[in-house]
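Chains here go by letter, A, B, C and D, matching the order in which they are written, and residues are numbered from 1 within each.
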Amino acid sequence: MDSFVTGADGIARSNEKAEAALRESYEALGASLARRGIDIDAMKRKAAEFAVAVPSWGTGTGGTRFARFPGTGEPRDIFHKLDDCAAINQFTRATPRVALHIPWDKPQDPAALKSYAEERGLGFDAMNSNTFSDAATQQHTYKFGSLSHTDPAVRRQAVEHNLECIEIGKAVGSKAISIWIGDGSNFPGQSHFTRAFERYIDSCKAIYAELPDDWRLFTEHKMYEPAFYSTVIQDWGSSYLAATELGPKAFCLVDLGHHAPNTNIEMIVARLIQFKKLGGFHFNDSKYGDDDLDAGSINPYQLFLVFNELVDAEARVPDFHPAHMIDQSHNVTDPIESLMVSATEIERAYLQALLIDRAALEGYQDENDALMASETLKAAYRTDVEPILATARLEKGGAIHPVAAYRSSGYRAKVASDRPLSGAGGGGLVG
Amino acid sequence: MDSFVTGADGIARSNEKAEAALRESYEALGASLARRGIDIDAMKRKAAEFAVAVPSWGTGTGGTRFARFPGTGEPRDIFHKLDDCAAINQFTRATPRVALHIPWDKPQDPAALKSYAEERGLGFDAMNSNTFSDAATQQHTYKFGSLSHTDPAVRRQAVEHNLECIEIGKAVGSKAISIWIGDGSNFPGQSHFTRAFERYIDSCKAIYAELPDDWRLFTEHKMYEPAFYSTVIQDWGSSYLAATELGPKAFCLVDLGHHAPNTNIEMIVARLIQFKKLGGFHFNDSKYGDDDLDAGSINPYQLFLVFNELVDAEARVPDFHPAHMIDQSHNVTDPIESLMVSATEIERAYLQALLIDRAALEGYQDENDALMASETLKAAYRTDVEPILATARLEKGGAIHPVAAYRSSGYRAKVASDRPLSGAGGGGLVG
Amino acid sequence: MDSFVTGADGIARSNEKAEAALRESYEALGASLARRGIDIDAMKRKAAEFAVAVPSWGTGTGGTRFARFPGTGEPRDIFHKLDDCAAINQFTRATPRVALHIPWDKPQDPAALKSYAEERGLGFDAMNSNTFSDAATQQHTYKFGSLSHTDPAVRRQAVEHNLECIEIGKAVGSKAISIWIGDGSNFPGQSHFTRAFERYIDSCKAIYAELPDDWRLFTEHKMYEPAFYSTVIQDWGSSYLAATELGPKAFCLVDLGHHAPNTNIEMIVARLIQFKKLGGFHFNDSKYGDDDLDAGSINPYQLFLVFNELVDAEARVPDFHPAHMIDQSHNVTDPIESLMVSATEIERAYLQALLIDRAALEGYQDENDALMASETLKAAYRTDVEPILATARLEKGGAIHPVAAYRSSGYRAKVASDRPLSGAGGGGLVG
Amino acid sequence: MDSFVTGADGIARSNEKAEAALRESYEALGASLARRGIDIDAMKRKAAEFAVAVPSWGTGTGGTRFARFPGTGEPRDIFHKLDDCAAINQFTRATPRVALHIPWDKPQDPAALKSYAEERGLGFDAMNSNTFSDAATQQHTYKFGSLSHTDPAVRRQAVEHNLECIEIGKAVGSKAISIWIGDGSNFPGQSHFTRAFERYIDSCKAIYAELPDDWRLFTEHKMYEPAFYSTVIQDWGSSYLAATELGPKAFCLVDLGHHAPNTNIEMIVARLIQFKKLGGFHFNDSKYGDDDLDAGSINPYQLFLVFNELVDAEARVPDFHPAHMIDQSHNVTDPIESLMVSATEIERAYLQALLIDRAALEGYQDENDALMASETLKAAYRTDVEPILATARLEKGGAIHPVAAYRSSGYRAKVASDRPLSGAGGGGLVG
């Protein structure tokens, strides 16, 4: 299966040189963790089980409203994208599922798409609908909204698009749909906040009504962009209200880049867990607005604090399985490299959170020993768990150093010959 | 009644000089509004009916953690404060109710306090409990929280303090209690978000259980301060969850200064109205953090947009009576002047919002005519309604120019002789 | 001259119905201002003299990285754009100059372009270079920067592009060049801050060396976008340093939308005036990130406070002539309407700032009478100066109600027949 | 010398149990670093040389404007504070200097103070003046400003206070004065930005004129608080202008908590280094406004990125010695513990920055390999350097685990018996 895209041989060769040093590091870390009462092999098993989905659209070079600077060998269709996703998974062994984006990835033959993916060791995560841009074939424009549009015909079109996403998802084995809309307003007065939200909920109810019993529907909030004065689902409060109106299969999706400056995101995660509405994540990082930088590249401690909540909930909350997805825009890097590194950073945060001495932490919390509570988190965070992650990868057939192995594989150059250069265009996202 | 504090004569004298010009302005504005189909006298009646409560604690000079610079003639007890509040109401005729803060204003004889207020034309608005600082007499410290403290004894103490506030409130004629707590954490890990929120809700339930049937309980969110990493009720989402857990008499209070940067506050107001949980407001303004500047002094258009939502709801929502309260810190001005001006700015925003051509606005919203929707709001906003406000004041016995009339009344100098100078202290709030 | 695009007849007809009411309002306002010691006719003359440049690129519908939703009748070349700019000026009589953007507006025959503009009553403002996207013909990509690129060949290409802009500008009668670059980084470590800034300054020196003596060069700061971790000119401090390194013909351009949340922009304006480096403005408004909403649509008081600084400086600073330009993105409105309204809002803020009683203000400032200082600004701000603006327009041949007159002129429908629909593209800006 | 406060015996005893494990960790880390070409002993020497000053005022429990919750055994005078600072230094061996705050720490006999400090192994860092609160003895109030006040008498008083600080500093062996003022405004219009800045610079020139030749003067910017609409030195741009006006002995101080949301602080550091005006740091951390949390407790990667700039400059910039000072508010922890941990976190960030492979980083920067540049920083950052820090402490006589050793020393209980409990007061800072 590996031979389709990268070749296990290449990975093995790249690992050869690094393995001795890794074994040494793993052993030293094992001894150190043992002194803290932690079994490194148990941690390694946790790492091996961890998975995060990659977005098909993330395999292309992203852009801004100013420009898009295409890379070489960008995928031109969903099959190319799956090849790239397979490569990511082969090197990292942490990304066995792909999130599709319709209509960008709309398959003519869903069954064939499913087979193509399966042959590459891939399955499908949440389906993502798109009513924030106009497809060439659609009747009504989304310029002034989609699911919350004032015109029922536009809303109906947007609902039907979502239903089509569910149909495709059923065919390829997905179990969830993520609904993010660009609806909102650019001017005070442009939109009646209450009526727009009522229309949104009504439209979502029409989608929810067709949701299979074993599916989940994710509502996703975003403070701004593409609407710049208001958005219909502006924050977790509105997302919670929407998911609650819809019913028990509706949950909230937290995209780390969609909040007001300074927001304590880990606390939002805790609230949604407590009220049984956390659906999952779109992982990325950001310094200013919603800029979709690589997960863990700007504020890795925040990512760790999010996983602190998740690991805490794993032990307390029955049947706790939030979706893990990456959603980033790779404007200046090779998307495959960014996705490999991001998957690793997310896994790293998870491992670090697993190392937290929770009994001690609870004790400090009960005694209001703020300093030692903080120190307890930091002690886990500053543990360099790379030897665990690398060993887990190695033992699953992945690469000790994914980026180096990928670079030496020559994958990008190989696929570039089959994939014509895409245009710079006016910037923005690529379908 | 006026003679207690300022004297109606002084107001009348100050009005004499200004009245002719006011009549002229009122007439010109009336003609202009008539051309827009608006009856200025109807607007004047609306202005006359408008009221916003003043906070007893706002009559003292505020401070920061760095310093407090006391003014002359600051009130030293609740009777002084009521005198000041009466003065504010006499000049503005817009602030007939006072919000008390316990223990700062704790009366030895509530009935006497009520009479004292009534003699000055004042009633009482929401009661405000204080579990964010330690009173000299209390057994347990609130250093690590109050209603959400890990120690049940502390929580019990905080609950009982709130119950005492209700008792006092019943005696003085209040119908609501505002619960704002300083609980939170300064370090990641210090507090378990979920358990702290559970404890908070449990404590509030104990208070709610004793709430009279005709009372409302207000939960108030704040992003930070005095806790600087997390707060228990950090945003409207948590406030909504708390109020919903408590029951139909619990509502959310929106303090304009308690949000993340860039937050669209008017949208939060709309959401809380829609889901029947808007309790009311703490009005103020701010440029950076929660700094409690005078309402309308920094971003008056935002205040107008909040009232746009309220006026819109007045027509749509049955039994819609959110509480209007000012909550500010007057560090560099005479608090009486700031409260008079703030009350006027709030009333101004209300009047401007009343002038919005709602039928036209709805039409533009339905047609997605963003520009004309925006222009419709701006046309109302840029109307100078001061002649309406001033005439309403004049006809109710208030001052055409409240600040000028107050200054010429010599009130501050008069009371200063009875009130010893307070200390600069280490800064902060004053009880 | 008017007949080229809109027809003075249409404007006259649209004014007929509104003129009587305007005269009445003007008279009433004149009486009211006279009571404040202000001569309304003098104000009207100031309004008539006021001008703000419109950006050629602003006449097209803007977009985001997600999508662009084109309007009908969008300009397809610089001649169309000039037609639209002429229409804006005809209705508002406040926008006699156009800012060009090269290569989007690159003329084959600059002299012909100049004549075309002059025939429509238009001149040219600052030239704008573009090294933030790749033109089809250029040799090197700007993916990793332009004037600050690590590769001297790329820097040279970017310098030469700017020199070409100056050449074109000389031919069409411009007197300034605005340099805004997208250079920066998306990841910590990607760029060496100091070396990048050194390279930027070196490149600008090469441009500055060719700047005609009677030209100005504007450096423009922006906190983020398209670079999302760092930008080379991230704030006014770096812009000031760059302009100072370059010399006396270099000045800083303040775009209102390019700052960190909560920034006190009017204070930056004051600092740049004080240190003789204020070059001018890109006017717009924003609620969150840099979203280029219409000037005055979100926080009009802030716009007024900026003009408070400018009017204050007019009286104090010799030879004070900052450039006034609009720079916005019109995603959901007709760009012509947004530009007309924005020009009017900017002029409104200027007029309101002229009404400030500066002698009184200075007195309050000297006495630290914070409340009356604030009230003095607000008294000017809340004056509805629309009758002055409208009368100034009327007397110069413009429209009393520009948007209404424009709509009834049928201009957009007329030009739409000559202009094919542009594509939705991947979003973003349009050339 | 140790016997004064804590006793070296206690430290030795606490180290005994931990030493074996530390030796093991150090050896393992040494092997791992050796594989990366890094000599761990050289790193340990760097750690041993590192020092950061502690603020005398940080030894007391801080507060907010709402409340201050005093701890037990708080220092009541400067001698107590020096005892606490000595303890911090004994355990950490990284804080040999103390920053004084006048008038809070004003010595009656500076020579005696110096001796007292020297006996405890302490010297003095920058002097800190206080013109943001009123001392009991001063003639004029700073309610409306100090160095920038409109009244020359107030400015003179503030200048003289600063001169007195220099005099005291000379007597105790300080070589720098930090000037931070609370001057600013709470209302638009209250202050004339330009005149206030001119007055500030004039006042500073009077101080600068008396500055000894081997001293440095630090200007410190802050976005807001205690002034909430504008501050006189609002950002690094104004700080740079002020320092430049003053002369070559004036430098800018960067307090990590004094910036707008989202600000790229490490870039400001780079700019100030480049233009030779970086004076030093006030280290702390924050999540929202200026809240002075413990350094490294909220965003440790940002602290690392700041030190990345410093380590980079060490190699490039001759005579590069920025001042390192902690400036925090310890509201819920034992101040001694917070200061020990903070000193360690700052040292940790320095050590991690030393581990950056700078040759590789420069190569990636030159090639625009954004991903590998980012990975290069992260590889250094995720190295757990605690064994180096602990060994350096151990070898200098400090504690392997400072907090644990301090707690078992019983220091706080010991001093509590000599120090009466301080009052809760109205909140805020403590002198």
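Here is the rule we use: a residue touches a chain if its C-beta (ideal position, glycine included) is under 8 Å from a C-beta of that chain, and two chains touch if they have at least 3 such contacts.
This is a predicted model, so every value here is computed, not measured.
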Request  = Any chance you could name the chains that touch chain A and chain B both?
outcome  = C, D
Chain separated most widely from chain C, comparing mean CA positions = D
Geometric centre distance via CA averages, chain D-chain B, whole Å = 39
Ask   = What whole-Å value do you get for the distance between chain C and chain D if each is reduced to the mean of its CA atoms?
value = 43
Remark   = Within chain B, the set of residues that touch 2 or more other chains is 143-144, 185-188, 190, 223-224, 229, 261-262, 264, 287-288, 294, 297-298, 301, 332-333, 368, 370-371, 374
Inquiry  = List the residues on chain B that touch chain D in their complex, please.
reply    = 62-69, 132-134, 141-144, 182, 185-188, 190, 223-226, 228-229, 261, 286-291, 293-294, 297-298, 329, 331-333, 424-431
Remark   = In the complex, the residues of chain D that touch chain C are 143-145, 150, 185-195, 197-198, 223-224, 229-230, 234-238, 240-241, 259-264, 266-268, 270-271, 273-275, 301, 305, 308-309, 312, 361-362, 364-368, 370-371, 373-374, 376-377
Task = Quick one: which bits of chain B touch chain C in the complex? Just the residue numbers, please.
result = 21, 24-25, 28, 31-32, 35, 261-262, 264, 287-288, 294, 296-302, 332-334, 337-338, 341, 348, 368, 370-372, 374-375, 378, 381-384, 386, 403
